[in-house]
Structure formats: C-alpha cells, structure tokens
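So, here come the structures, one by one.
Each of the next two complexes has subunit A plus one more chain, namely subunit B in the first and subunit C in the second.
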Partner chain A sequence: MRARGREFLPALMFLLPFLLVLAVFFVYAGVRAVYFSFTDYDLFNAPQWVGLANYRALFSDDRFLTALRNSLLFAAIVTTFQTIGALLSASAVNRRVRGMTFFRSAFYMPAVTSSVVITLIFLWLFQRLGGINYLIAAVSRNAPIILTFVIVMVLAQGLQVLVERWRLRRRLRGAGQQRTVSLLDPALLAVALVAAIIVTTALALLGYLAPREVQNVAINWLQTRQEVPASFPFWLRVPLPLAAIMFQNIFTTIPTYMLMFLAAMQDVPRSQYEAAALDGANSVQQFFYVTVPALQPVTFLVVTLGLIGTLQMFDQVAIFGSSVPLQSVITLAYFVYNRMFPGAQLPEVGFASAAAMFLALLTLIIVTLQRTVLRAEGER
Partner chain B sequence: MSASAAMRQERERWEAQRRWARAGFAYLLLILFSLLFLGPLLFAALSSVKTDPLGYPPTLLSPQLAPANWAAAAKLGREGAKAPLWGGFAPGANVNVELTYFIPQGTEAAAPTATVPRRRPGGGLGAVQQIDYAADYAVVAPVVEVGRRAGVHGADAQAGEFVTYRVTVTYPGAGPKVDRLPLDVESASRAIEFVSSTLPPTRLERLGLVASFQAVTPGALGYLLGNYRRVFTEARSVTTGDSLFMRWTWNTFVYAFFRVVVTLFIATTAGYALARLRFPGRNLMFLLVLFAQMVPMQVLFISNYLVLRDGIWGLSSLWGQATLLNSLPGLLFVTALNAGPVFIMKQFFESIPREVEESAMMDGASYWSRFSRVVLPMARPALGALIILSFQGAWNDFFWPLVVLTTPEDIKTLPIGLLTFRNVYGNSGDWGLILAGAILSALPVIVLFIVFQRYFMEGVTYGGGKE
Partner chain C sequence: MRRLVTALLATLFAFSWANAQTIVRVQGYGGQDPAIVQRLIDEVIGKGLADQGITIKYEPIETDYNTVLVNSLSAGTAGDVFYVPGEVAPGFIATGKLLPLEGLVDTSAFIDTLNAVFTQDGHVYGIAKDFNTLAVFYNKDMFDAAGADYPNADDDWTSFEAKLTKVAALKPDTYGACIAADTARLGAFAFANGWTTFTADGGADITSPAFADAFDFYSGLVTKGIAVQPADVGAGWPGDCLAREQAAVAIEGAWILGFLRDNAPNLQYGASFLPKSPKTGESGNFIYTVAWAINADTKVQDAAVKVLDALTSPEAQQFILEQGLAIPSRKALSDNDYFKQDTAEAQANKIVFEGASHGNVYGFQFGKVGTDYMSPINNALTAVMTGASDSAAALKQAQTDLNALLTR
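Moving on to the complex of A and B:
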C-alpha cells in the first residue's frame, strides 16, 4: 500500500543521471534532427524553413540513390546468407560432444575483436596480391584433384550403401528387426573418406593427376568501379568493393548467429527427433520439419538483428575509406556522415538530417515488414 | 536362442560403429569450422611478422619464424650493440656478415661491394623526426673471401663454385647508439648469383643483383618482432615526439575505464528505479529506453555533434573547456547514452525477490542505503558481466571516437588510430606495420575473452553479443 507519490522523489534522484543524458543526447537530438531535416541549415547561416525540399532533393541526388541501392542490396544479400549460413553450420556441429565449450569459444573469438581489426585484415586479404586471390587461384589450379576426390567419395559411398542395404535385407529377413542405412550413414562415410584420400593420393603420386596450369588470379577487388553482374539493371548490380565488404560481413557475423542458433537447438527436445524418426523421416526431413519450426523465435531475432545491423552498416565503409572509390561502397549511414563532414565543402546539415530520417524510417519499415511476414509464416 | 543373441550382438556392434563414426565426423567438422572462422585472424597474426605480408605467393611461415635465423640475428645483435635481443648499432661494434654466392664455370670471381645506405624504412608518420643514421658512423672494411667449394646450382644443375665472402662493418670512435644498421651488398655481375647469407636479406633488389638488409644487426626479438617494434617507434607525435601507438593504447584504456564507471553508475541507478520504484511516467520511461536502442546513431549524431561543439550550451566552460569536441569528457558524455545496460540491469533487479530486500533492511532505511547495501552486493555477477562487456564495447568503439576525436593524432583511440595507419601506410603497401598494429590492438580483448569466456558466451545466447 505504498503511495505512488512517496516514491516519486527517490525515483527521480535515481533516474536523474540517465534522464539528463536521455534528454540531451536522445530526445533533444531526435527532435532537432527532425527539425533540421525541414531546413537548409549549414552550420554557418541560421536555418531557414524549406519544407519538404530536402526530402525531394534526396531522390534526385545520384549519390543518395547509389547509397540507397548499396544499402538495400547489402542488407538483402548479407542477411540472407548469414542467416542460412549460421543455421546450416549450427546444425552441422549440433552434437552433444565433449569439448563443445572449447569449440564454441574458438568460433566466437574473432567476434570479440573490433570491426577495425577484422576489416583491416580483410582489406589486406582482398589486395591484388592478397590471400583471397591466391585462394581462388589455388582452388582453380587444384580443381582436377578436388573433383576426383569428391567423385571417388560419392561413388564409394553410393556403392557401399547399395551393398549394405542388400546385405541387411538378406540378413534381417524374418528376424523382426528394423534397420535402415541412410545415404549419409556415418560409418560408411568414414570408409568412403579414407578410400577417396587413398585413391586421390595414389593417382597423384602415379602422375595421373596433376594441378592445372592456371594464370595467377589478380582480381581487382578494391580500386574499381566495376559492378557485377554487368548486364543487370542499376538496382540489382553489386559494386565489386561492396561485394568484398559483403563477404567480410557474412564471414564474420556467421559465428555469432550460429551460436545463437546452436543454443536454441540444444533446447529442442530429443523426443521430437525420435518421434520424427519413427515416422520414417530422414535427417534432411527432420531438419526441415523439426529443427526449422522449433527455431522460429531465434530465426526471428537473428533476421531482425541482421537487418538492423546491415541497413545501418557504417564502419566498413569508413575503414575501407580511400582505398576504394566512395561511390562503390557508400551506404545510407555513411552518406549521412559524408554530408555532415564533406571535407572542403559546406556541411549540408539539413540534407544530411533528411537522409538520416529516411534511414530511420526505412529500418523501421523493413523490420516491421519482416516481423509481420515471418510471423504469418510461423502461424501457417 | 544363440542365433538371436548373435544377432543382438551384431546389431550392437553395428550401432557402436555408427556412434564412433558420428563422433569422429563431429570433431572433424568442429575442427574445420574453428580453422575457417579463426583462419583470417591466425593468418594475419602469422603474417604480421613478415617484412612484406603482401609477398606473393602468400605463405604461412616466413624466415622470421625460423629458430636458426633467431640465433643468427642474436649473434649479429651482440656484435652490433652487445644486445642479442633487440640489436642496434653502437660504438665499438664489429659486425661480420657472411654471404655465399654461386660463380658459374667460366665466370671470373669478383667480390661484391657493400655499402651502408642512408635510408629509413617506411615514410609516413615518422618522417618528421630527426634520427641518427648508421651511415654517418659506420665504416665498411674491404670485403674478403673466406671460403670456396665446387658444386652445382640451380634447376639446370650448372657447375661452378660457391664462394663465401665476409662483410665487416665497424663503428669506430664515439657516437650515439643507432637503432638499425641497413646494409646493401651488390654482386659484381649478373652472372654471379646470391645464394645465402648469415641472416636472410630483407629483399633482393634490382633483379637479384643487390641483397638488401633493412637491419643487419636486429637481435633475436628485433628480427622476429620487427614490425611490432616499428608500430611503437615509427609513428610519433608531431608535437611531443611520443610514440603515437603508446598514446592511443593509453587513451583507449582511459576511455574504456571511465566508460565502464559511467555505464555502471547509470545502468544500476536507472535500472533500480525502473525495476523497483513506482512513479508516474514509469511505463513511458521504459518505452523510451527500448526506443533509444533502436534509433540509428546517424539520426542522433548531427545534433549531438553540435551540442558537444558548443560544450553543452557552454556548461563545459565551467571547468575550462570551450568545446567538448576532441576531448575525452565529450566522448564520455555522448556515449553515456547507452540504454542496453539499463535494460539488462532492470531485468536483473526484477529477478531479485522483493522480500529479500525488505527483510534485510529495517523499515525507514533510505532508498539509497537499500540500493547500495542490499541490492548492489546481490547483483555482483551481473555487474561482473556488465564491466567486462562494456570494457570490450568501449575498447572496440569506432563511431563516436571517429566523430568526436579528429585532431590531433595524439588524442585518438586505438580503432581510429589504426585508421590513421591504414591511410598512411596502406596506400604504399606497407602492410606489416598495419597488421602488427591490428593484432596488438586486439590482444587485450582476446585475453579478456579467454579469461572471462563465460560472460561473453552468455551475452551471445541472450541475443546479440555485439551492439
């Protein structure tokens, strides 16, 4: 039976530090950004009310449209790949084995370092003579060996499964036992793996298998205005440097989201898988009919976090900086910063504010839309 | 009876095989994934000791990682400055470097010429300071032949002789200790090919004619960690001459420390009020906290930048700062707006049963003593996690330092300092220093992560370790 008023003063005292910060750096800042977006403020002259002119100007500004295109493509492609990649890699390692804690830490380690460290490392890997081009060249050079390895492994596995199924059918006839051999039977796969390694090594040693002669790959990932695929319309073309950032971003965010999926997967009751197995579902069907639906809330969270993170991507653009043409990597978030601090020109505060408001609205709309779509999907 | 027992046994064996195989594949996959995700970081760490991390083809190992070279570098360091670890070139030095050349049959043997060039490595941020050049003090003795044996060399097994020459560099008289002794050894003709030397040369120049050593008396650590040493020594403040990287590291520590203090203070007080106290507008307040987490920084930074520029309406002139831009207090003010921790602490305080608090305190105790004597001590685990994670967040913080700390270089933090490195050294392809700087700046959080893994992993599973 505490009176509300009695706690008002203490509450105010407790909240005061936070309230002050919130008032100055959030509420006031938000209101001012809205106000600026309707003015022509440039830091030096008093702001003049210009109505919707800034918003109209956005859509005739080439750089803004490029930034919008880049941001949308970046968000769509990165969110898709990182979610699917995280889900698949989580289900690949979702085993209750000893030492799982160690491996989870190993996966997460790169994510605790700063975006600058990781981005600089990738910037180095994407140099013309860097690791990425070397890796591409190495794979293409060794393609015959890799291909032989895969073919031998698939053949060996197929053959074994056929033999094993035939053998089981003969031996179990009348024994009243139920046993099936799946296409990915682990014991047989181990044998197939060993067979593939032996055969490939033997062929290579005997000289039947050798790396191809391949030109060094020197893709210019960074200093280029090239957009791929070149035949696509403007809104669907990805600039090559942006593709490099996409790759970096997908690669470095997968572990984090993968761990979120993994945590949720370990909570899916085993009985659900057992029930599905009794109904004759193989591992792929189990994945789609048990795992995916059970993970719906996490997927929801991962997609939301992914969309917000990618739509507001800023760090990588700033870090790539002068090593790439600005128009090839500029995003909405960087566009705002760039208009605010345009170097030698006059800052366009009003215009920048309009772009910032647009970014906020876009984020809100896309996240809401995604939540509605995914929720509807979940209820079906 | 025995038939079915045999059958059962066979089935058990069959299933055991599958269990073993499944576990084997699980570990195989786990190891592959770890290598994949850690790959770029590990590769960068290995390459950060190379003189040129862009050398093609890229290799995992480099001469810097060979123990035999450490021994040679230590010996040369001792000869150069009686410093087997970090090397150098000091008065009284007597440095002997042996180089072996291959002289094909029919070619006249001729000794190479050695010079100590007046050269400083890298340009960039260090170019403004005055340094001592080894060239001003070094005396190169005539090159002498010390060994000769017949042999074949090269892919075409050319016959000829391997001749070893000794280059001796001394430092007579008095003078300053110089950090490095560069050396260029030029072969007498193109036909005479460089084979090996006491310490591998930094690079072969002019199509193999010149074996060039960036530092021929590096010392063992100086040889292995040359790039790391450059990170500290090369980039120096224009005004004070201090090592910029040291300043950035110190700044980042200070910033992270105060960020943790501010976050703890605001998150616990506001979190407590939101969780425990009843007051009008509480729900509105809570909505505001949620909303503050979602609005993009780009919306807020325009006004916040201007507010800081004017010193929060002149408030900062009370303590003598006309503007809060380019200062640590400004950075701390603007990053104090961090609703996430408030939300986390609110959740945590709500999980403590109200009765505990009420029974522990006699009636009439002030809210402040309830908060500080009962609730805070119970929140120790949550506070631990908050400290670790906000330290990591501040250490890695990029956006606000980029906006607030622009000039001079001395006031920057590590992440934006590394950006300076990228601008200065990246464009000239000098990646050794950038990678070394990046690895160094990541070390503290990696150590923190290894020690306090639990807190980090809990952060992930609750959704979103990173902001």
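Moving on to the complex of A and C:
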C-alpha cells in the first residue's frame, strides 16, 4: 500500500500537464455545454433555464432533421466502403512484389495531404465542366471501343484457358497430380491483352469502330438539391453534393485504415496460410477464412474510428461552404457550428449545445451497438 | 513575497504614469488593411492624436471577422474601436455592445443613406468609413469589335440585353456578361422594380411580380447564353472573367479596380450605371459599407471618440480617396477634384460614388438574419441558371426556405 502510494505521486506528476489540459478544455467545457443545453443563452445575456425545451425544439427543426439524416447516411455508407476498401487495398499491398514500397507510399499519399487541399481539388473536379464530368463524357463517347476491347480480351483469355486446361489434363493423365490453369494466368493474360489491342486497333482503322456522338456531360454535382435515388423515402435519399463529399472522404480515409490492416496482416502467422493451402484453400478462400477472422480486432478498431470520424465530419462541409446549398451537405457537426456562429445573428448557444449533446450521445450509442454486433460476430 | 509584488506593481504604475499615453485598441480586417491604417496613422492622423496623449494600436483579424468579433465582444476582450460591416450591423447592435454615438460625434456630416445602415430605433451606432455601390464595368474593345454601343445611363434591361447579345455573338466561348448566382447582385435589379428586402410586417416576399420579373431577367441572361457563370469558364469571380476577356461586362463595385490594375493593366474599360427597369424607369443599387463603431464597455471612451473622429476626418478620407483605396463617406467630399480626373479609374470611382444617390438604393443589409437571407435565393438562381428547375418552382421553394429562416 505504501509502495503504491509512493508510485502514485510521481505518476500523477507526470500526468499532471495532460490532466490539467483535459480538465480545462474537456471536462470544464463539457460540463458547461451540458448546462447550456438546458438554457436559453446568446453569449450576451445571462442564461435562462428552459429545461428540455431545446431538445424538443431540435426535433421540430427541419434543418436539424436533414442534418441527422445526412450524418447517419454519411456514417453508414462511408464507413462501409472505407473499411472494405482499406481491407482490399491492404491485402493488395501486402504482397512481396518488386516496387511494392512505391505503391505503398503512393496509396498513402491522399492521407498525408491536407484535407483542405484535397477538398479544394475535388471542388474543381466536381465543377460542371470539371474533370469528373469530362471523364464520364470521354468514357461514354468511347464506349464502343472500350467494350470491343474488353469483349475481345475476355474471349481470348477464356479460349486460351480452355485450351491450356485441356492440354494439361492430357499431359497429366494417370500421373495422379492435381493441377489446373488459373483463370487469370498472367502469361495468358498478356497474350489476350496483345490480341485485344490488335483486334481493336484493326477494327478502328478499318472504320468499323468509331467514337459515339455524345453531348458534353454537365451533371451538376454541387450546386443542386437533387437527391438520389429520387424514389426512395426521405431518410434513405442521398443529396448529390453529399455523395460527392462521401466519394472524397472514402478516397482520403482508405489509406489510413489500410495502414492499420497492413500492420495487422503482417502479424498473421504464415503457418495458418500454409495449413490452409495444404487443405486446398485457394487465395480467395485463404483471404476469407484466414485473413479476415485474424483481423477481427483491427476491423473493430477501424469501424469504430470510422464511425466516430464520419459522424463528426465537419471540415469538408465547411470548405464546400457557399458553393453548395447548405441543406444538401449539412451534417450534425456543421449544424452545431452554424447555430453557434450564425454570422450576423446572435448565437443560439443553448440550442447549439443541445445539438452537440445529441451528437455525442448518438455517437456513443452507435459505437456501443457496433461493438456488441462485432463482438458477437467474432465469438461465433 | 507580498511586499515584493506590491513594490513591483508600484514601480510599474509609476512607470506607466510617467508615460501617460492612453492606448486605444482598434480592430479591423487583415489583408491590406493593416498597411493602409498604418500609413494613415503615420502620415495623417498619428501626430495630432499623439499630441493629445493617444496612441492607436491596430489589431488586424485575419480570419472570419464577424465570428471573432462576436466572441471577443461577449468575452469582453474586443477593441475600443472596431469595424462593423453593414450587413451584420443589426445583429451587432442587438448585442447592446455598441455605443450610441449621438451627442459624441457629428453624424450630420456623413451621407444620410450610410448613416441609415447603422441606425436602429433612432440611435446611430457606427460612422461609415467608406462605401461602395455596383456599376456596370465593360470592356471597350469587345463592344467596339461587336459594333455595339457602350452601356450607358439611359439603358433599360431590354436595350442592355440587346447590346450584350451582340457582344456574345462575336465569338464562341466569349460572353456578353459574367454573372454569378448571387443575391448581392440580383437584389439591385429587384430594387429597380420597387421590391424591398422586407415587407411592412417584417416578412419577405420573393414571389411577387417585382422580384420574379428581375429574377427572370437576371437568370435569363445565363439561360439564353448571353452571360456565363464565372465557375463555368474557370474563373473565380466576375472580375476574373472581365480581366481575362472571357466576358465583356461584370457588375461589381470599385473593389474591381485594384484587381484590374494588377491583372489586366492594358484592359480598356469603362463604367456605367446599372440599367433601369423597363417597368419603373428606375435603376436600383446596393450600398456596401463598413463603419467604425465604439465598444460600449470601453474604459477609454473619450480617447476612443477622438480616435473615431480622426479616422473619419476629412483629412483621413481625402488621403484614402487619393490613394484610390475607397470612396469617402463625407458629404463634403462629393465635389472632390479627384473625381474630375480623366482616368478610367477616377471616372469609375465617380460612377460608384454617384450610384449611392441614383434610383432605388438600399444598404446591403438583411435585418438580423444577415447574409443568411441570401442563401435560399442563391440556390434558386443556381437551380434556374443550370436548368435544374424553372423559375416559378425555384422561387416557391426559396420563399418556403426564407420563411423558415425568418421565423426561426
């Protein structure tokens, strides 16, 4: 007991700077916000106790309900795609291939670039005459050529694989060996590629293939209230500008989570893969039956961080700012900011605090739910 | 220990008494403003104030000015004298932290429409430091090449549009005008039709014919292909389109002059009043202005009043005008020699100055909701200009959003 007491004091001393910061900027500020959420307060006049009125007002505020819908959809869609994307890209860069360090660094670039800079770049890509619409137009214009190319390549590959399998079976007949030719055999793929290029070029030169006449694509990604899919009920419709932000957010967050998955993957014992291979598992089966279960704790971490991050998404909305209609991108975090600093009006501190408390509670509930679900899944 | 502290404090006090200068903290925008205010202090007003024992300390706010000001006013850390932009003045006046100026400052020397922007319930809370209005800035060469007459004070919307149509037909990828989906421009055309931002009962009516007519004219310029939105030609704002000769006309204020000086020094441009409404025969305009105001909680009120007087004195305004920085707010300066100069810049400044008393002119101000007022209308403009909606439906939606905003 005495020894513990003696250790306690130095430990406390080391923790003190952090604890002080925590106490002032987190505990004190948090408690104040909880108090303000029950009051009518505008920073200039003394707070008036109003009980639960702010919370009741939240649910009759259209802007708030839109923000809630946007936040929930954003969290659900982005977390799903970023987790799957991170897992897939991690397993892609987890191979021992020459030049892999380059790809690892390249994949990680979006995560180290400032989100403000990326948002500005995307803002330009999503303009009516921006890069994304240009790409869509280019693809649809050259659709006949691209389609021909793909069809020829698939046919060539399929044919080769059939022939090779047939030859292999003849050669191995009676040898008792189990071998086969993969559908994606790299050598055959190269041949198919060359064949496809030659056929497509020849057809194009002979005038059988030409780009289609297509109008310039001018999808209005940002300055619109359009929601997709239009036939869905309110709570399941995604505003188009929010979809643009989702796309950008998935793109920038995948690398960070990829790194976590990658670190965990390298800890999966090789012996498990070897055992699986001996049992005849192919690489896809190995991925689903060895890699994914082994990564379960990291998946939990990634999904938790992803949910928290997406539920509190603020910066991209703030930077998209006036170039998009606010109700198409507003999230709960931005709603809080918007009411706290309404530009020219008196701040609605009480109302904003209530919304902030709601956001905190919502995050807690969702993460707890997710935790029980993933835990149950892991113990199955 | 306590004795040591007392002694230390006493020395400090003695030191500051010996140095009996009153420091007045002045807060304003960042950007180019710190340099301008510093020159104003060094070259014009600093000495006179120093003789009265007053030192100005300018504290620029580089980030979102209004947010910082709200926070510092509520925390009691705001400056003694500070900028109050016209569009947020009603909100700041409502905080009770601005000092009413009657009896302290002679407000009658300043242009009445400017005082009106900072007046609430008969009290004046700010003295406009300068102002701006909108004008039609046009590229003379493009009009010449198209064989169209320059825009002039007699134009109404129909003749103005006809001229722009000629210029737009000149070449592909150049346009008659470059206009953004911005209520801060559209509003001036609606004023020409006799529309006002608020109705008598404090609501807003943007489905009335007066507004809808102006809305159709303004958005029609884009849907008919006569004008283009800046973003669609890769420009940041209309001034950018004008400087790059992508469009022959931009409807902006005198702030465009410095930009053209730097970015298109060889551009032959002119300025004219906004065209008139064919219905009323009047033109409309916005007045954009920023005032100096005094903190109601200041501990150095007398000195702060003297500083405000000096900052808005005829000498200070003459200096700012001659530097080509802004247009003065004093009535007496309207007859200034500067406006008689024959340069494009001085002539454009003259048009902007006279814009304040030309037709139906109102402050760029939207009651306590501030610039939030504009977003529903901006959205409607965008929807119509991009062909996503027709104007009746867009305006109906905007009216609903605006009503929600005003009753919240």
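Throughout what follows, the second predicted complex is superposed on the first by the 356 of 380 C-alpha atoms of A that agree within 3 Å, B and C clash if a C-alpha of one lies under 4 Å from a C-alpha of the other, contacts with A are read in each partner's own complex, and residues count from 1 in each chain.
Here is the rule we go by: a residue touches a chain if its C-beta (ideal position, glycine included) is under 8 Å from a C-beta of that chain, and two chains touch if they have at least 3 such contacts.
Computed from a prediction, not measured in an experiment: that's the story for all the values here.
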Which of subunit B and subunit C A:Ile308 touches, first, second, both or neither: first
Touching partner for A:Phe44 - first (subunit B), second (subunit C), both, neither: second
First (subunit B), second (subunit C), both or neither touched by A:Ala356: first
Contacts of A:Leu125 with subunit B and subunit C, given as first, second, both or neither: first
Greater subunit A contact set [subunit C / subunit B]: B
Which of subunit B and subunit C A:Ala202 touches, first, second, both or neither: neither
Partner chain(s) touched by A:Asn220 [first = subunit B, second = subunit C, both, neither]: second
Which of subunit B and subunit C A:Leu326 touches, first, second, both or neither: second
Touched partner set for A:Arg104, first subunit B, second subunit C, both or neither: first
Overlap of the subunit B and subunit C footprints on subunit A, listed as residue numbers: 43, 127, 129, 322-323
Residue numbers on subunit B that touch subunit A, as the complex places them: 4, 7, 11, 14, 17-18, 20-27, 29-30, 33-34, 37-38, 40-41, 43-44, 47, 53-58, 265-266, 269-270, 272-274, 277-280, 282, 285, 288, 292, 294-307, 312, 333-334, 336-337, 342, 366-368, 371, 392, 395-396, 398-399, 402-403, 414-416, 418-419, 422-423, 426-427, 429, 431, 434-435, 438-439, 441-442, 445-446, 448-450, 453, 456-457, 460-461, 463-466
Subunit A - residues contacting subunit B, complex: 2, 4, 7-8, 10-15, 17-19, 21-22, 24-30, 32-33, 36, 43, 89, 92-93, 95, 97, 99-101, 103-118, 120-125, 127, 129-131, 134, 175, 177, 179, 185-187, 189-190, 216, 251, 254-256, 259-260, 263, 301, 305, 308, 312, 314-315, 318-319, 321-323, 332-333, 336-337, 340, 349, 352-353, 355-357, 359-360, 363-364
Subunit C residues within the subunit A interface of the complex: 64, 66-67, 70-71, 73-74, 87-88, 90-92, 94-97, 181, 231-232, 234, 368-372, 375, 378-379, 382-383, 386, 388, 397, 404, 408
Subunit A residues within the subunit C interface of the complex: 43-44, 61-63, 127-129, 218, 220, 223-226, 322-323, 325-326, 341-347
